[in-house]
Each structure stands twice: as structure tokens, then as C-alpha cells.
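One chain, subunit A, appears in both complexes that follow, with subunit B as partner in the first and subunit C in the second.
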Partner chain A sequence: MEKVKQKDLILYSGLIILGLAAPYLFSAFKVQLTYLCVLIVLAMTWNLQGGEMGYNTFGNILFYGLGMYLTASVQVGMFFPLAEWTESGGEKTFVHTTAQYFQGIGVGLLVSAIIPAIIAGAIGYAILGLRGHYFAICTLGLGIAAGEIAGGIEIIGAGQGFTTPPFPAEIVDTEARGKFFYFLSFALLVGTFIFVKYIYGSRFRLILNAIRDNEDKAEAMGIQTMKYKIVGWMCSAFFCGLAGGIMGGLIGYIDSTDVAFDGREMGVFMVLMAILGGKGTLWGPVIGATLFHFFKEGLWTLILGWQYVALGVLIVVIVVYFPEGLMGWLREKYPERFGEVIDEKDRKAQVELK
Partner chain B sequence: MDFLIFKAPMLMVQASLDGILLGILFALIAYGMALQWGVMNIINIAQGDLVILGGYIAYTIYLWGIHPAWGVIISPIIMFFVGWALYKLVINKVVDRDLFISILATFGIAIVFQQLMNFIFGADVVVAQSEYGTTMLFDNSVTLPNSKIFSAFISVLYAIALVIYMRKSKLGRAIRATAQNARAAKILGVDTEKVYAATFGINAALCGIAGALISITLTLHPYVGLPYTVRSFMIVIVAGLGNLPAVAVSGMGLGLFEEFADYILGTEFRIGAVFLLLVLILVYRRFKLSKKREYLK
Partner chain C sequence: MNKIAKLFVTFISAITLALVSFTSSFAKVEGEYIVLGSAISLTGKYSSNGVHTQNGYNMAVDRINKMGGVEVQGKKYKFEIIYYDDESNPKRAAQLAERLIKQDGVHYMLGPYSSGLTKAIAPVTEKYKIPMVEANGASRSLFTKGYKYLFAVLSPANQYLEVAIDLAVEKNGGKGVKIAQAFEQDAFSQDVRLGILDAAKRTGSEIIIDDKLPKELNDMAATLAKVKAVKPDVLVVSGHTKGALTAIRQISEMKVDVPMLAMTHCDAAKLSKQHGKKSEFALCASQWHKNLSYKDKFFGSGKKYAKDFQKEFGYDPPYQSAESSAALLVFKDAFERANSFDRDAVRDALVDTEMQTFYGNIKFGPGGQNVAKPMILFQVRCKGDDCENRVVAPTKWASDKFYHPIPKWSERS
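And now, the complex of A and B:
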């Protein structure tokens, strides 16, 4: 195993310390920081599909929404009747004790990681056989269908939404809720990063890249592409489910199409963030998500009402003019930093050709 | 489970007629989708939003006191220029690129359109009253709004006109030549850039007609565009590119499916059923092709 370089060690420990100190340093922005962690997780897991495997999915929102509903349902259903809770104002009659709340969210998050992964495996065989834009459109359909169907199911609140259990009132510290969700999401972020970094150093990534570059050839080389595609998608689903579960608890209210299966916001954001940062790189989605979040939070309030117009224009501009993203641009500019050996003569010759 | 539709056979007639008339309208939108997909090789997610914009143009002239049926002439003319402008602004930069880029870029356009329509026309559900009355059939047990018959008639009329135009006119021939082989067409003196712009404009005009018809038969809302995109995409992948009779038939089939799904599953699952059908059709075709060791291209 390759030894972790000292420079990297300093970088990572610095980032972790910054992450742990962030809720104390920027106490007022805890919710925003939690969002940022979740966005980075979503962008990184999207990158596994879109960037590494070449399967541009709009469907990861499906697992995110599923995780959200599952966590909340388990958290309620473990102690109280779910139907009565969602019918109307159940959260007023039934109150979780502190122990119940944390037990519930723990088990809920576990369920919301495993079930989306299983579902990804189950539908993966059917859907990952589609290629290119058919896959993209199919997953787009899947995400929206899930939202529409969830909006018609009575037990999870149908169209009127699902109020997740409120944070236990026995904890007097007003900061506790924000800190709890921040550290939860930060732990998820660290876990996801370690996992994705591990994948980046493994044979698995090479296989995914082979699938992206030429699936037929990869198959001809004896790689069982379907198996790896499904495993890759299951990994994404696992982390997306967890991210959804945390977000559900943080937001406190789940609506089928506006919060959970929010293809118009979250579903597009994750694609956009990964492309903005640069798909197919480890740090690209992280940087992309951070930039996007700062841009969004900074600008959203300034251009109130126009934010979706800005979002749409942003999508068009990024996709049309910067399809390689920030990392791709840097790579073109400073190829030496990315460990690429450049033949000066060759480069000059190419410039002349242009 | 008791389904009203199986108890009352007249409801079945009702649903079938509604479905077929609606399906003709879907087929018109899908024809535009097939046109741009075949010629320019882009998938336009904003298709449905162009439809809704066309509908709002018809609704606007209705608010001015002109009969909304005139929308089927005015709306396509305006929409043609909207399409042309859209092509010059964005689409020409994604034509030769990866299909996913066109999907994402048009997704962005769709979001912009939705929001602008929301600003301009408000977030209410609106409908333009054509006051065409209704036709009663079978002892008044089947009601058929005349506006639906009118819309199906106009759709067929425009579709036939477009087919003739594509066959006979110079531009039509240029478009078909570009679809077959853009490079060869360019060598032989076809201005492909102009052809692409015209194709996108014609597509937008078709959307405009469909939108104007939707404004009098169904309802308009800024955010209901995406289902129309998905419907037309579905019709095109079932029918194939450039097969007009098949587009018409699968359009009607989709209309029938929707009306029956509406009765059997309930209206709240209608849109969900459409999107789920898309997934099912794609998965079905994938398994059918994988037996021959092929995949959807």
C-alpha cells in the first residue's frame, strides 16, 4: 500500500480540524454548513456514476428521497402508529423522548442506507442495460415518477407532506440541534470521502473508467460490466440514502416533490456541482459543490424571485462553455501539476496546427 | 377493488374517445421532437415548456378578446421566431456535441422558461374558453367537448401540411438531406446552419400549435411542461425517428393509456403513471434487444 504523503496528511488533518471547528467558528451558519456537507456527498456520489462510469444519471434523487422518507417513517413507526402521525398533527399528540428520538434516527439512517442500496441493485440490472441518453432520460423519469407516486400514498402523508419528529424538547441547549445534524453530516462526508478515495486508488475505478471509455471493449476484455455497474450504483445509493435521511431530519418537513424527490433542485444541483468542479476527479465535485453552495447562498437572497432563472442560465453556461469543469480547465492549463508529461515540441506542433 | 370503469361500459367509450383525441395532440408534439432529434441529434427537454409557452400566447390573445382558436395561427408564427432565437443563442453550440450536453443545456432552458412564464402569467392554472360547446353521444352518456374534436382536427391538418411541405419544398428537401448526412449535404451546398435553425423553428412552431390547442382543451400552468417532453420522448422511442404513421398510432396509444390509468389508478397517479410507463418501455426494449446482444442507440 502506498504511503500517505506528508503533504496530504497535513491537508487532510487541516481539513478535518476545520470541519470540526466550523460549527463553533461560524455558529450562525450551522444549517448552511450541514447543507454543504450533504451537497458535497451528493456531488461525489453522482461523480461515481456520471464522471467515472459515464452513466449520466438524474435518478440519484430517487435514493435521496427514499432515504428521507425511510428515516422519518422508521423514526416514527418504531414507537407510534405511522398512519395517525401523518394523518394530521400526529407530532402534537405523540412526543418522542430523547432516547427514543436518537434510537429512532439511528435505526432510521441504517435502514435508509441499506434499502436504497438494495433497490439500486434490484432495478440496476434492468436500467443500467440502457446506454447514454436513454439511461439519462430513464432515470429522469424514475425520479419524477417516484415523486408523483409518493405524493399519492396516504401513509406517508400524500400531498400534504410528512412532519419529521421534532428534536427532543428535553435538551435545553438551543445549539444542540444544529450541532447534532452538522456533525452527523460531517461524519457522513468524511466517510464518503474516505470511501471514494479508496475507490480512486483501486482496480474498481479502472473498471468503471473502462466502462465509460468503451463498454463493448471492456466486455470483450472479460470484465463483467453489468456486475460492476450495479455495484457502483449501489454504493451511490447507499450514501445518497444517508444524505437524504439527514436532510429530512434537518428540514423537519418532507414534501413529495419539493423536498424529497426534488428533481428540479437537488436532482439538478448534484449534476451541476460535479460538472462545475470537473467530472471524473476526486476533488472536482468537492470544489464544485463548495463553489456552487457559496454562489447560491450569496446570490439567492440578492436576486430573490429570479433564482431559478439564474440557475437555468447557470446550467446552460456551465454545460455549454465549461463541460470539463474547473479541474478540467486547470488540467489543461497546468498539466504538469496533474502528473502529465508534456512533450514541448509536440505541444508547439499542435498549436501551429490550430 | 372495484373499478367504476369496468362497471359502466360507457365510461370505457368515453375514456377511449378522450384518449384518442388527446393522443393525436401528443403525436403532434412528438413529431416535432422526432424532427429535431433526427435532423440535429439533440434531445430537447424544453419541448414541453415550448408547448406551454405556445399555450400562453394563445391565452394572451384570448385575454385581449380575440377568440383563442386564432392562436393556432398566431402562436406558431411567434414560436417559430422564439425557436429560431433559441437556436442562435444556445442550441447551435450543442448540436455536434454529446447528447447528454444537449439534455442538460435544454434542461437549463426549461427551468428559465418555467420561471419566466411564472413571472409573466402567474402561477394559477388557466384555461382559454373556446365556448364550442359539447357533443353528446349515446343517449347523453358520453360527453365530448367540441374543442377536443377541433384540436384533433387541427393537429391532423397541420401534420399533413407539414408532411407535404417536407416532401415538396426546397427547405423540406434540405432538411431531409441534412438528416440523412449532414456532411454530404454541406458539400452539396446546403447551408446546414440555416437548416438547423429552420428545423428548430419548425419544431417550436409545432409546439406553438399544440400549446394553443392545449390552452382550449386542457389547462395551462407554468410547471407542467416536463410531462409533455416525456410523452413526446416516449412516443418517439416507440415509433422510431421519421415514421409518421407510427408516431400517430403510438401517440393515440399513449392517450388511451393515460385516460385508462386516470380511471383505474386515480387522477393523482396520472403523471406518475406516464413517467413509470417511460421507464417500463425503455426497460422492455432493453431486454428485447439484449437477447440479440444489442442495445438502444
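And now, the complex of A and C:
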């Protein structure tokens, strides 16, 4: 790998310090900051799939929702009978002790990373043969189907929804819960970023790009594209599952179609954020998600009732004026800042030729 | 790459500045205003009921403020509500509750619309010890979680249609009946279903169809086809406003003959107006009806409330609006008895609430649900093309006799 440049080092350590200090600096915004971390993770993992590999998926919401249900189920199931916890009447009250709560969520998150990855492998094996729109439509179906199925499974609450274990009451500090989920999601963000950055410096990314640019040629060159496509999707699923698990605990209530397999919102948002920032870039999804979140939190309430119209307009504007996203736009404007060497003489010569 | 790094740093610092300047106004009581917060569904699948709820809140705020406001420690205060749109989405609702409490500094909450959203908000208000009086979350599971700061002015969901089954059994000469039921996949409707299951067990009735309906409810033809085939004695449908509208539309289209049709949300869906004669004989569970004889000094009687509401918003108030208005009366009463803005003092005052409002008597049980008010049933009846909801049970308030069985479609004009 290339050596980390000094300026990058300053940037990264600055961001990490900011990230660690954020919940103390902006104490009232902890939940929004947690959302932001999760949104960035979702945008980055979507970008691996849609940006680098060129397989536009709406199916990542499946892994997010799975992660949510899995974490909560494991967290409850480890200590109490799950069926009684989610039973609609819910006459019995079970209380997690502090240790149980954290053990539960730890194991739950582990499961919620591994199982979605395995499922992504299995589904990928079946459907990654599809290309272009066919793949997109197929994955769109996955999320919707999962929502309907989850809405019918009694043991995870079915239509009643699943109330996740409340934060242990023994911890008196009302800020503790917010901090816990913030740092959890921040850790996930850092982990995801390091992983994606590593991929960006690897041969794996080149293969994904080759698949995006011309899959047939890539195959002709002897790359087993199917294998790489599946592995790529499994990586996405791994982090999506974790993100879902954290969100489930944070929201405290899982509903099959509105919270977990929320393709209408989260499923669309993750695509939108990646495209807004610029797909196929490392920083694009990060910037896209951040801008999007600020737009949403800042303007949403000012235009009550019209926010989805505004969102629609935003989508149109992004697609029409920034088809390559903000990063793509910047790159076109200031190519030299992206390390692209431009031969001034050559450029002038070309201009004159025209 | 390092040049964009600079750009990025600028960007981050701009955001930081923006965030810091955001954190400004924090007050539960601002000047002469007591600020309440509420996340309401103004868009999404619950938007019509969300608006009913909001209208109910606004109506009560105006009325209370006009009539002198709330007196605490000798000073008069007025109510003010901060609204956010939760988009009928529990995730959003939980986030907004957090925002209302942490950023807007709200110390007292009014509930959202629907059980699912209340379920999502309750853990948040509970965590910050914020008293919440809610008027639209009826799911029984809300009241068994040991919440200490949640108060509901309505009767729990499982009581909605139990009475209907008792009525059917009574009409059947005390013998059990055959029930067909279809419920939306959401917290509220599933709880209504539990009530029916209990009633069926108690009366020895048999459930022959037990269907689940999707959330965006636009079609239930499959269920109705089965109903046509097996001929149950009672058909029970619950799925908020859309469920009620869809059921009536398709029952009349498919000419499904069933002796008794029991539903929820008929008045919120304005069934008698929207479907007119097609909706005749539908039996509906309701938290409130304007003909009931309860009274208070702010709205007078139910009839007066309905008249004023009609004048202000241009439609007859469904019970969702009435119960929402009642929530503010409860808050006013609690503030005055607590004579303080201390959250725990207000909470303790809420526990001791015992009052009559135009909407009904209110007294909270240990779980926070209202135990002082029975559910009522009304039936849609038409004179010519003019249809109206008439109370048929309980007998104390019944203005009409319960019409049973529903005539066959072939015999209806």
C-alpha cells in the first residue's frame, strides 16, 4: 500500500478527534450524529456495490433489516424466551440486567454481521447473473418481500412490531444511552472507512471496476467475475447488517416495513446519498450522506407537508445537474486537485484546434 | 487528494459552526407559554387521521387559551404546541421525539397518531422522564410495559370490538357464532384482533377466517371471496381509515352478504359521507360519539363540540379529534393541580386525574390507560340518501335499536 501522506494523516486524525469529541460538543444532537454515522456507512457500502461494481442494488435494505431483527432477537433470546417477549399482549415484563444488555447486543451485532453476509452470498449466487436493470428490479423485490415476510412471523412480533430491550435502568445517566449508540456507530463508521479505503488500494477494486466498465471483457481476461461480485456484495451486507443492528437498538422499536425493511426511505436514501456525493469515489458517499442529512434535518421541518416534494426536486436536481455527484463535479472543475496531471500546452493546443 | 482535504476541512468546520449556533433556545415554559411537543403524521399512510389529531389539539389549545389559559402559581399561561411531521414512520417519530426533547427543550409531550408510533415514542419520553398524554395509541401492549410517564385518554384497543361479538352472540340466542376476521398488520389492528380472540373464547364462538391485511391497504378481495364461500355470522375488519374504506367499497362491489359487519375507524373515514348507502348497517367501534351526555366547561357537551368543530374545520369531528382535544384538558387540569412546572409533580398530578370532559370520564389505570370510559358502538343508518352514525350500544346512550341481520344486497335498493 502507498504510504499515508502527512496531510492525510492530519486530516484523518482531525476527523477522528472531531468524531470522538462530537457527542460532548453537541450533546443535544447525539441521536442525529448517530444517524449520520449510520447513513455514511450505508452510503459507503452501497457505493461498493453500485459505484465500484456498477450493480445498482436496492436490496441492501434487506441486510440492514435483517441485522436489525437479528440483533434484537439475539439480545432477547439469549436470556428470555423470545416468543413471550414479542407476544402481542405482552403481559409479562422481562428486564435485562446491565451485563445481559451489553452481552446481548455484542453477540447480537456479531450475528447480525455474519448472517446477512452469508445470505448475501446465497442470494448473490442466484441473482448476480442478472445485469443492469434486471438486477436492480430483482433486488427491489427482495426488500419488499422481506418486509412482508417479517410482518407475518409471530416470533419476531409480526405486525405488532418488536420492542427492543430498553437500555438498562441501573445506568442512571440519561446521556449514557445516547453516547453508547453514538460511539458504537462511530466505531462502525471508522471500521467501514478503513475497510473501504483498503479496498480502494487493492486489486479487488480494479476487478470491480473492470466488471463495471465491461464485464464481458473482464471475463475474457480470465477474471471469474461471479466470484468477485458475490464477495463484493457480501462485504456490503456485512456492514449493512451491523448498521441495522445498531439502528434497531437506537430506535427501540422495530416495525417490519417502516423501520427494518424500509425500502421507501432508507433503501432509497442510501442510493441517493451515494449519487449525490459521487459514486465510485471514496469521499463521495461520505460527503453526500453528510449533506443529505443536514438538508433533511435542517429543512425538513421548515417545509412541513412538502418535504417529500422537496426531496423529489432534490433528486431531479442531482440527476440533471450533478450526474456524477459532487465529487465528480469537483473533479471536472479542478482536475489537478485530484492528482490528475494536466499538460497545459496540450490543453491549449486542443482548445485552439477546436 | 490533499487539496480536497482542505476543502473537506473547511466544510467540516462550517458545519461545526452551524451546529453550535443551532443550540440556542431551550425552554419548557417560555414567557407566558407552556410549550408542548408533538410528532404528528401529516404525510404518509396515517395522514388523514394525523390531521384529525392535530385539529383536535389545535381546537383545544385555542379554546383553553381564549378562556383564560392555565393558572399556575397565580400566573396565567397559554398553551403552545411545536409540531413535527413523523411521516407515519416509527423510526422518524422516535427521532423527532428525541429532537423535541433535546433540541427544542420540550418537557411535556402530546401523543402522535396510531399505536405503532406511540410505541416508538414512549421509550424516548420514558428515558427522559417526560410526561406524555396521548390520545391515539390504544394498543394494549403500550400499557403493560410499566411506563410511568405515559397516559392515554382512550380505552385500550382490545376493547374496541369485543362488544360487537357479544351482541352477535346475543342475537344468535346466546350460542356461539362463526366469525370471519381480517386485520391490518399493525400494532393497533392486531390488538383489536386479540380482543376478538378473547371474546370468541369466552362466548364459544368459532373463528373460521383469520386473515392479515397488508399495511398499504387497498385490496381485500381475497378475504371477501372466502367470506362469500363460507358464510360467517360476523365479519370483522380493522385497518384504520383505509381499511374501513376498502372494506365497504369491495363488499358493495362484490355484493358480499353477511348478517353483521363490525369495523373500526368508520367516522374517521367519513364512511357515511363517502360511501353513503353502501355503508349502511356497518357497525363501528368508537371511543366517542357526539350524542353522549358528558359535559365540561370548555366545550360544553359533545354536540356543542361537534358544532364548533364543524364551524372551524368544516367537517364532523371523528373521535380521533375529540380524544385529542381531551388530552389538552387533561394537561391543563394536571398543571393546575400540580401548581408547578416540575415534570415529576405534573406526572404525579396526572396519576391522580379524575375528571369529566365532553369526551368522557378520565381516570388513569396503573398502566396509564383510561379506565373510566366504556367503548361505544354505532351503526350507520340512512334516511333516503342521508346517512348518519347512530349509537346502538351500550344501551344507556343508544339512540337507535341495533339493526340485525343486514339485509341481502339483492333486497337492498
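Here is the rule we use: the second predicted complex is superposed on the first by the 336 of 354 C-alpha atoms of A that agree within 3 Å, B and C clash if a C-alpha of one lies under 4 Å from a C-alpha of the other, contacts with A are read in each partner's own complex, and residues count from 1 in each chain.
Methods note: contacts are C-beta pairs under 8 Å (C-beta built on N, C-alpha and C of every residue); 3 or more make two chains touch, one makes a residue touch a chain.
In this text the structure is predicted, and so the values were computed from the model without any measurement.
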- For A:G152, is the partner it touches subunit B (first), subunit C (second), both, or none of the two (neither)? both
- Query: Which holds for A:V316: it touches subunit B only (first), subunit C only (second), both, or neither?
  - Reply: first
- Greater subunit A contact set [subunit C / subunit B]: C
- Does the superposition put A:G191 against subunit B (first), subunit C (second), both, or neither? neither
- Regarding the shared-chain residue A:Y308, is it in contact with subunit B (first), subunit C (second), both, or neither? both
- Considering only touches as defined above, state whether A:G132 meets subunit B (first), subunit C (second), both or neither. first
- Query: For A:I144, is the partner it touches subunit B (first), subunit C (second), both, or none of the two (neither)?
  - Reply: first
- Query: A:P81 contacts which: subunit B (first), subunit C (second), both, neither?
  - Reply: neither
- Message: Once chain A of both complexes is superposed, is A:V268 in touch with subunit B (first), subunit C (second), both, or neither?
- Response: first
- Task: Please write out, lowest number first, the residues of subunit A touched by both subunit B and subunit C across the two complexes.
- Result: 148, 151-152, 158-159, 305, 308
- Message: Quick check: in the complex, which residue numbers of subunit B touch subunit A?
- Response: 43, 90, 93-94, 97-101, 103-105, 107-116, 119, 226, 230, 233, 237, 266, 268-269, 271-272, 275-276, 278-279, 282-283, 286-287, 290, 295-297
- Query: Mind pulling up the subunit A residues that touch subunit B in the complex?
  - Reply: 56, 126-127, 129-134, 136-138, 140-142, 144-145, 147-149, 151-152, 158-159, 264, 268, 271, 275, 305-306, 308-309, 311-316, 319-320, 323
- Message: Please output the residues of subunit C touching subunit A within their complex, sorted ascending.
- Response: 1-5, 7-9, 11-12, 15-16, 18-20, 22-23, 42-43, 83-85, 87-91, 94-95, 98-99, 102-103, 116, 119-120, 123-124, 126-129, 139-141, 144-146, 183-187, 189-191, 194, 212, 214-215
- In the complex formed with subunit C, which residues of subunit A make contact? 5, 7-8, 11, 14-15, 18, 25-32, 35, 88-91, 93, 148, 151-152, 158-161, 163, 166-167, 174, 177, 247, 251-253, 255-259, 262, 265, 283, 287, 290, 294, 300-301, 304-305, 307-308, 330, 334, 336-339
